[in-house]
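Chain nomenclature is as follows: A, B, C and D, assigned in order of appearance, with residue numbering initiated at 1 for each chain independently.
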Amino acid sequence: MTYTSAEMMTVAAARALSDRDICFAGIGLPSAACNLARLTHAPHIRLIYESGTLETRPDVLPLSIGDGELCETALTTVSIPEIFQYWLQGGRITIGFLSGAQVDRFGNLNTTAIGDYQNPKVRLPGSGRATEIATSCGQIFLIMRHSPRSFVEQLDFLTTLGHGQTGRERKDLGIETRGPTLLVTDLCTMRPDPETNEMAVASLHPGITREQVREKTGWEVRFGDTVDETPPPVSSELEVLRALHARTAQAHGVGVGSE
Amino acid sequence: MEFLGLSEAVSRHVQDGDQVALEGFTHLIPFAAGHEIIRQGRRDLTLIRMTPDLLYDQMIGMGMARKLIFSWGGNPGVGSLHRLRDAVERGWPQPLEIVEHSHAGMANAYAAGAAGMPCAFFRGYRGSDLSKVNSDIRFVPCPFTGEELTCIPAIRPDVTIIHAQKADREGNVLIEGIMGIQKEAVLAARLAIATVEEIVDDFGPRSSNAVILPGWTLSAVSLAPRGAHPSYAHGYYARDNAFYIAWDTVSRERESFLAWMKEHVLHKVPQDRETVR
Amino acid sequence: MEFLGLSEAVSRHVQDGDQVALEGFTHLIPFAAGHEIIRQGRRDLTLIRMTPDLLYDQMIGMGMARKLIFSWGGNPGVGSLHRLRDAVERGWPQPLEIVEHSHAGMANAYAAGAAGMPCAFFRGYRGSDLSKVNSDIRFVPCPFTGEELTCIPAIRPDVTIIHAQKADREGNVLIEGIMGIQKEAVLAARLAIATVEEIVDDFGPRSSNAVILPGWTLSAVSLAPRGAHPSYAHGYYARDNAFYIAWDTVSRERESFLAWMKEHVLHKVPQDRETVR
Amino acid sequence: MTYTSAEMMTVAAARALSDRDICFAGIGLPSAACNLARLTHAPHIRLIYESGTLETRPDVLPLSIGDGELCETALTTVSIPEIFQYWLQGGRITIGFLSGAQVDRFGNLNTTAIGDYQNPKVRLPGSGRATEIATSCGQIFLIMRHSPRSFVEQLDFLTTLGHGQTGRERKDLGIETRGPTLLVTDLCTMRPDPETNEMAVASLHPGITREQVREKTGWEVRFGDTVDETPPPVSSELEVLRALHARTAQAHGVGVGSE
């Protein structure tokens, strides 16, 4: 069964989620991955959105973080201060999904500006929920498409902490959560090196070569001691995911983009 | 609290130079009130909002804002806010000063404002460059553990505007569904306006813990049916996702943006009733 | 979360020496759970509660508490808590260390615990001698205005116990009416037990903003019908005001108190079901 | 129409309330006064109890601060942190009612202990809501029965700030609210002296002499330049108040005491 790179990314991220996880899901691919996991191997996974919806079970993917569908299918919906104070800062979320316009080798993210902050070439949306998700969630999963323009040697602006510019900054700042433990791209999956916390290739998606990853990475990318092939999506996963997207397109009259 | 037509509520309570917060987290965004502010040509506003989206893109593009205090400025699920970008990147139609926070920061700052505190304490911005570009972000030690905690000033708007489902005859306002930061934004403000889908004699049977703002916490309540469109009102109408997508094209060029605003906002009659009871 | 009989929930999760919070503000006071703790003879407890009332009067009188953290210790609408007074004034049955706050202080300290903060900042205790007798009350300047703000440590109980109306089959717990500080007390604690009036298949139609604690925020849920008596459960039974008045006489003398406890608590079967589903 | 001293106190306090007030009402006499005002000259007065009930309209007086009646007749009921953070500290309450075991000439209160704090002769309930009500409400009304043991020269413990031990302490502490502006006793009403903030007799209840007040006051009590007679309760007030107490006794099967 053939599949797209987006489907490969979504499936790879979904598989990394367990039935016990409590996820802070963003819109776009993370939502697709979380809900795919919920509809396949992790029926009890809890999905929380920053709009205040606790344990939501959307039948279709949200186009925005505050879609009515999220509230209507939630256990309950709380206020924005409560979500950030009691639920996120309270340390109850095991997994947070993030992405950005730029990522560096330590999983730090830029969602603020390309170029100089005061005179940006491109003004990006900004932090939103990301800055505190990165430090309060048990661990962080990153999902981004590989390209030299987004996988950069040096961020223009560090919006959201990964492992910091030294790879050890979390410990130095007294942050006890793990930070980025997985980076899923359209070419491979990456995991932090146990020693240095630099994100290293853990598996290559079927048909992808190390050379392709090197070309698309703005720093000298490292590979883990063992690099497996990412198990491709199986038909059961693809059927559930495609049905989810079909329901979504019908409900919104449009496809679902990402932040 | 008085019941006022929307145009009168805005002319009475929103002044040039004010710090204005129009809140609503994806849900219940007060578009009708924002459009009335645009029609009345307010200037030099400091716009406060966690997620400046289409409404603030429109107000910024029409040159009403001097400053923006925010935490995420995009078109949810679609992409950029082209008018916000044009103002920040090229100073059109005028330069826009920005004060930038995270969602957690804005949420805590509004809550501190509602609680009458001068500032908010929480755990935030750790390891981020945001504290380098926003001098309002300070770090103070916990007197018991020594841990460095984050402190930012409370948000205290001159006027907050929200949209809600219902008001009763006393001007009490009921919010259902995703309530976002609206309660805090109203309680933190010096003045507050609520636009509502309908005014009812009585809320009727409801949860004993329903989210209700008493009329005496508001300056004015205005009837504005579909006043949150193209966002949505839980129990009334759904989010107009097609509009959010179409806005990407409409707002991309200055000319198409101005033409759209002229036709759909400037030349439109305020969406209110002269008499509301 | 697991569904446990009340006696097992208590024996599993409440240990000698623990910091224990049994919360419920007049409404939904977890008497059944407190009585089970008494029957199991826990000792050296630090009891935390905004309004230690009859339940804590009983636990203190039975010699289970080493320390009390509280803000108002009386029999609401009736008068003194004679067992609490006997412990503080005459050290019977043992001396009781007290750490004393105001309601605002306790409320902020629980909220800080729920939010994972080491301490709470607010405006409190100004001009009061309380800060002279409670070294946990500190004052720190606002970094922006210089105003002296009050700071006290967050409350983080080893275990919090609450009583609520309903649990569903996933162990989610619904609270209606006066919700007090229970949500914060549960979220601030390392372990949490909820006793409920009934366990239902599904909560059914409800406000989209109903006050619900997800099952995964709790360690155990136990069925305890009338588990809040002599306080009340909104929608189930009314407050037993006559009991609160009668307690003034029962508790006045050590002998009458002990006799009552023997008959009505120690010799009583735990109010639980061995199998709850 | 004859009346009791409790009725005189309740009526005098009720008359001091306006239709625009937002009151933080305690149980006992303050509740009776607030609800009497609501049922007579101040139908729009808003009553808030620390249990979280906003704009409650009880048909009977509460025996406890968290009676179901308060919730069932309220506009809505919020959490305890919200009441103290957004509503009380937020500065929205115009009048707070307080009383205590001891009061001094500046309206400072002791509800903590008689005798030494560490080895109290009588351990009292403590602060409860009082300490922050005293500083956050627009003004404070005190209701207490006159006696030399409770109207004292020197408090054993200052639980709750009135005008402080100097009479000027509020200003020194940067507190902008007015503090005690009225003290209603079973003998008289007292108001703070404009200069010194010492509570001085403003009116004597019918049939009460200055001598009686002096005997029952533990400090050398001052009298205002003009001391009127407190207007006695009128029959319409007494009828409403007695009907309220009758409904209350029937509902609770008991009378209503006070904190």
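Annotations for the structure displayed:
Basically, a residue touches a chain if its C-beta (ideal position, glycine included) is under 8 Å from a C-beta of that chain, and two chains touch if they have at least 3 such contacts.
It should be emphasised that the depicted structure is a prediction, and the values quoted were computed from it without experimental measurement.
Interface comparison, A-B versus A-C: the pair with the greater number of contacting C-beta pairs is A-B. Averaged C-alpha coordinates give centres for chain A and chain B that are 28 Å from one another.
With centres taken as mean Cα positions, chain D sits 57 Å from chain A. Taking the mean of the C-alpha atoms as each chain's centre, chain A and chain C sit 40 Å apart. Shared interface positions of chain C, i.e. residues touching 2 or more other chains, are given as 111, 115-117, 122-123, 147, 177, 179, 183-184, 208-211, 234. Contact of a single residue of chain D with at least two other chains is seen at positions 71, 77, 85, 89, 136.
Pairwise, the chains that touch each other are A-B, A-C, B-C, B-D, C-D.
Of all the residues in chain C, the ones that touch chain B in their complex are 115-119, 121-123, 138, 140, 142-145, 147, 149, 151, 153, 176-177, 179, 206-211, 234. Partner chain A is touched in their complex by these residues of chain B: 25-27, 50-51, 70-74, 76-81, 84-85, 88-89, 100-104, 107-108, 110-111, 122-130, 133, 147-148, 177-181, 183-184, 232, 234, 238-239, 241-242, 244-245.
Those residues of chain D whose C-beta lies close enough to touch chain C in the complex are 27-28, 50-53, 62-68, 70-71, 77, 79-81, 83-85, 88-89, 112, 117, 120-123, 125-132, 134-136, 157-161, 164, 169-170, 173-175, 252-254, 256-259.
Only residues 22, 46, 54-55, 71-72, 74-78, 85-86, 89-92, 136 of chain A touch chain C when the two sit together in their complex.
Residues of chain B that touch chain D in their complex: 111, 114-117, 172, 183-184, 187, 208-212, 214, 216-217.
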